[in-house]
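Common to both upcoming complexes is chain A, partnered first by chain B, then by chain C.
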Partner chain A sequence: MARSVTTRHKVTATIFAWIVALLIFFPILYTIITSLKSETEAIAGFNLLPSFTLESYITVQTQRDYLTPFMNSVIISVGSTILALIIAVPSAWAMAFSPTKRTKDILMWMLSTKMMPAVAVLVPIYLIFRDLGILDSRIGLTVVLMLINLPIVVWMLYTYFREIPGEILEASRMDGAGLWQEIVYVLTPMAVPGIASTLLLNIILAWNESFWTIRLTTTNAAPLTAFIASFSSPQGLFWAKLSAASTMAIAPILILGWFSQKQLVRGLTFGAVK
Partner chain B sequence: MGRITLKNVSKTFGEAKVIPSIDLEINDGEFVVFVGPSGCGKSTLLRLIAGLEDVSGGQILIDGKDYTNNAPAERGLAMVFQSYALYPHMTVRNNIAFPLKMAKMDKAAIDKKVTDAARVLNLTDYLERRPSQLSGGQRQRVAIGRAIVREPSAFLFDEPLSNLDAALRGTMRLEITDLHHQLKTTMVYVTHDQIEAMTMADKIVVLNRGNIEQVGSPLELYRSPRNLFVAGFIGSPKMNLIEGAYAQSKGAKTAGIRPEHLLLSKDSGLWTGTVTVAEHLGADTFLHANVDGIGLITARCDGEFGVTYGDRIYLTPDEGKLHRFDGRGLAIGNAGLAA
Partner chain C sequence: MATQNTKTLARLMMAPSVLLLLVWMIVPLAMTLWFSFQNYNLLDPSSDGFTGFFNYEYFYTDPAFFQSVWNTLVLVGGVLLITVIGGIAIALLLDQPIFGQGIVRILVISPFFVMPPVAALIWKNMIMHPGYGVLADISKFFGLQPVDWFASYPLFSIVVIVAWQWLPFATLILLTALQSLDGEQKEAAEMDGANFINRFIYLTLPHMSRAITVVILIQTIFLLGVYAEILVTTNGGPGYASTNLAYLIYRVALLNYDAGGAAAGGIIAVILANIVAIFLMRAVGKNLDR
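Here is the complex of A and B:
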């Protein structure tokens, strides 16, 4: 009896999980399906079976250059992430291992900047960028995206670092490790999984960021998000081509996400204490 | 060698004076246990010796040499933590080898030492596992292994057994005592547990609010506690402390009698009382009784004593083992020593 109940529970849960997963994935799936249709099929209405033509991909390739925005996306997302980590690792470290009375307030304040709508600061940032002459530049975008994601990066690293038990570091000191050996043999191996998942998540966030990337670029520094947007032009909407462009834009990050999912999910739970 | 001397050591955290001033001598090869209520500064004192905390004042000498301002690594001490604090990303072998690698010992010597330690601690079959794949007792043995391979001048233990269940605690207690007999190295051991303190220690240090209340062998503390605090802290069940007419008749503000020094009878005795709780443990019986004119008294007798809630009993204190305390809580005379 008990067994059949749990089996039924499991089946229900599995079905439910699949439904949720499909709901979340459906827009992406439909984008891929649409990208494989001809332009007439695409506007014809809802249809899950495309004619599997690659015509849109070919047009997108010939009409626009894919490689430049792709390279821009890579440089901007990886660059902003590394920059953010360089700033966030020491600061999260300091807050996790020598907290003061104000540490929690500072963290809250950092996070609160994310609660503000981005449009609110669009004008000042636009003007600053114009005056500095870094509109439509990779440097400018990298810095903006770094700043946008910095609070999240600090928070994530802080929570990971907080889970490293201080007694393990003390144990290494008792065992005769100097500061440098403590960092190399004990701290780093325990911190790396946390830093790696923060890195991956932030690359994904930066890759998909479209508010600032579309508004602060025109051609030179335009990443793939702007590349997609450029297909919804005033001359009319071309659904199939737009979908093909989107698919090409998200494919790299989907592949990265797929291969690193283990790392993304993995926490720091090792069973070192208790 | 591992003689540790604390001279006038004090510690403050911000405003809080956790340890006002402590003088203590720990002899080479001694097993010293720090006991005291929670928050009295046992761990802080141990961490000061280890060098994990800086002293606010005073000196710490090891074998006569001043180590007050030396880093933990330079003091030649090993510590076993309550949480085990094993390196989660290393195998058992590498955990035990870590201090030797830090000491730049050569590979063959390390292997030999790790193998030896693993054999002593029954860890040979687990050398390639990670800490997360071990039981609590095995983890604690790895932590001890990591401490012994370095041949430190003293071991520091901070409540090493408190995460283990009662049975395992009993076994590990014997293992650590045995280890001390084999190695003859100084051990400083912090615990909450009466039994650990009484059975393992050569010398017990009773701490209260950062002050030493008394230092002595387990039996010294049991037989002649210097003051009310030690009297109430050492011994289980706790000593009965009686104020009022009875104490005055003995020339004291407070009279103390241990539960095992009360003679129980169903027919006659000095005091009469009503049983409130009877705990029958088989080997012995703990009776809590409301004694007329005295108050609540706990008594202990060997074997089975067949009474239950509400029964009338008679109790007679063994006056030769009575403890007397004055108005300041200090022991009068040495009544207890007579035993």
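Here is the complex of A and C:
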């Protein structure tokens, strides 16, 4: 017997779900709307219909040079993720296909490094960076973000690789495939979706990281997190411009995020919830 | 298949990530531990030398320390309460057949992708601002005096912002767990005359318990380190009213330049985080054996 769903039940649930969803989304929606208003409109009271002016977007670019922090964000988040993948793929591969007694311990230990409170090592990292001359540099920030995301990258890849059946390798060998053919025709196609998901989720995490990116940069390497945080000073505060800068800072990652819902659950719960 | 050769190869493949993480964990932590026993001020080069437990004593006897620990507990506890209960409720709602499920899911998950400084500034200026925020507009509409949220209820305001960021995460994971619940079990319970509340308590909740544990533990790890939200809204104030432990350590380190004191605070934070970590590792570790 299939569960009978009355139309009335569905309509009621739909109404409630949409109310909740719109309430949760409202702050983002209102920010997008405000970014399309003029400054006077923005502080003139509640109004959902903007005049659709792009003046704030232009001002943010011309006065505050939005493009530099944006490029910093792109370079740092993509760079740190790719670097992490290069280091993590062989590790995860070895753990998934030649597990030893210690594999589980190594994985758990990697996870534990993720739990170190960032603020506890702020002074040492700051001093090391100062002495190496990489404070406020893209390369320094890329390395830090690579390191803090490396455990998640290894874990995610491991959970994906573990699902590739070992028998398929044996089958391909029986069919006379050499090692190279095995990697190119059998393993790579099966590993690519997992690597792509890992890439996506970690770019999102790196893009939004807001402790090291703010503390280790001043101007040159400041990504969008630090750029937006600088808007908190009262003298730089204009509602429409703040909204425009915020919208531009979150839009790319919001869209990427919508495509990565499933991977998000898996990646952030370390495979504990699927 | 695991010959000596493949074992060596596997070790070599793992070496880079293991070594990097080992250095990343041990070097800064050892330095923090070292500084915590030193008289070390970043601005005063003459200050050096072993001070024993002075920094710990200094940190421990600072009235701001207990307030910040309390604030940390309130922040973590408050956000967990809102996100877990809210998350269960919303997950149950989204599990129903509804029109436009895909769009609803996208709207609900969105706050999670908003970077913390943006989330905090949106709430501070667009929603909670006493002059121009939406809440002030609503108050004025009803003829009430608008509330200055960050001045009157600083910690509560930060709890609201952080809860808004993490509610989607809790919802998404709990919904995923809910959807793996066997439909036949639900039907059987329904046929046996179990009403909605009984089904929820005896069937749904036990099924979700594992996901709830994971949500609580992972959020706790991140919530212990809340930083940017405080930085751009209250700056920890008024006084120390919205300073959590992470923010207090930052204040001591980079505003007072007291590296030794900050290091002692850092070690305390590490110990606190480890207590949580042990529980999380158990929950995740169990899954590996399966």
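In the analysis below, the second predicted complex is superposed on the first by the 194 of 274 C-alpha atoms of A that agree within 3 Å, B and C clash if a C-alpha of one lies under 4 Å from a C-alpha of the other, contacts with A are read in each partner's own complex, and residues count from 1 in each chain.
Here, a residue touches a chain if its C-beta (ideal position, glycine included) is under 8 Å from a C-beta of that chain, and two chains touch if they have at least 3 such contacts.
On a predicted model such as this, the values are computed, not experimentally measured, just so you know.
Once chain A of one complex is fitted onto chain A of the other, the partner contacts of A:P165 are limited to chain B, with no touch recorded for chain C. Looking at the shared chain after the overlay, A:M115 reaches chain C, while chain B stays out of its contact range.
In the overlay built on the shared chain, the residue A:R8 is in contact with neither chain B nor chain C.
Taking chain B and chain C in turn and counting the residues of chain A each one touches, the greater count comes from C.
In the superposition on chain A, contact of A:P189 is made with chain B only, not with chain C. By the touch criterion defined above, A:M174 lies against chain B but remains apart from chain C after alignment on the C-alpha atoms of chain A.
In the three-chain superposition model, chain A touches both chain B and chain C at residues 270-274.
By the touch rule above, chain A contacts chain C in their complex via residues 1, 3, 5, 9-11, 13-14, 16-18, 20-22, 24-25, 27-28, 30-31, 34, 42-43, 45-46, 87-88, 90-91, 93-95, 97-98, 100, 104, 106-108, 110-125, 127-128, 147, 150-151, 154, 204, 207-208, 210-211, 214-215, 224-226, 228-229, 231-232, 237, 239, 242-243, 246, 249-250, 253-254, 256-258, 261, 264-265, 268-274. Touching chain A in their complex are the following residues of chain B: 50-52, 71-73, 77-79, 81, 83-89, 98-99, 102-103, 130-133, 136, 146, 150, 163.
Contact residues on chain A toward chain B in their complex (touch as defined above): 165, 167-168, 170-178, 181, 185-186, 189-190, 270-274. Interface of chain C with chain A (complex): residues 2, 6-7, 9-11, 13-14, 16-18, 20-21, 24-25, 27-29, 31-32, 35, 42, 90, 93-94, 96-100, 103-127, 131-132, 134, 137-138, 140-141, 164, 167-169, 172-173, 176-177, 180, 183, 186-187, 190, 210-211, 214, 218, 221, 224-225, 227-228, 231-233, 246, 249-250, 253-254, 259, 262-263, 265-267, 269-270, 272-274, 276-277, 280-281, 283-285, 287-288.
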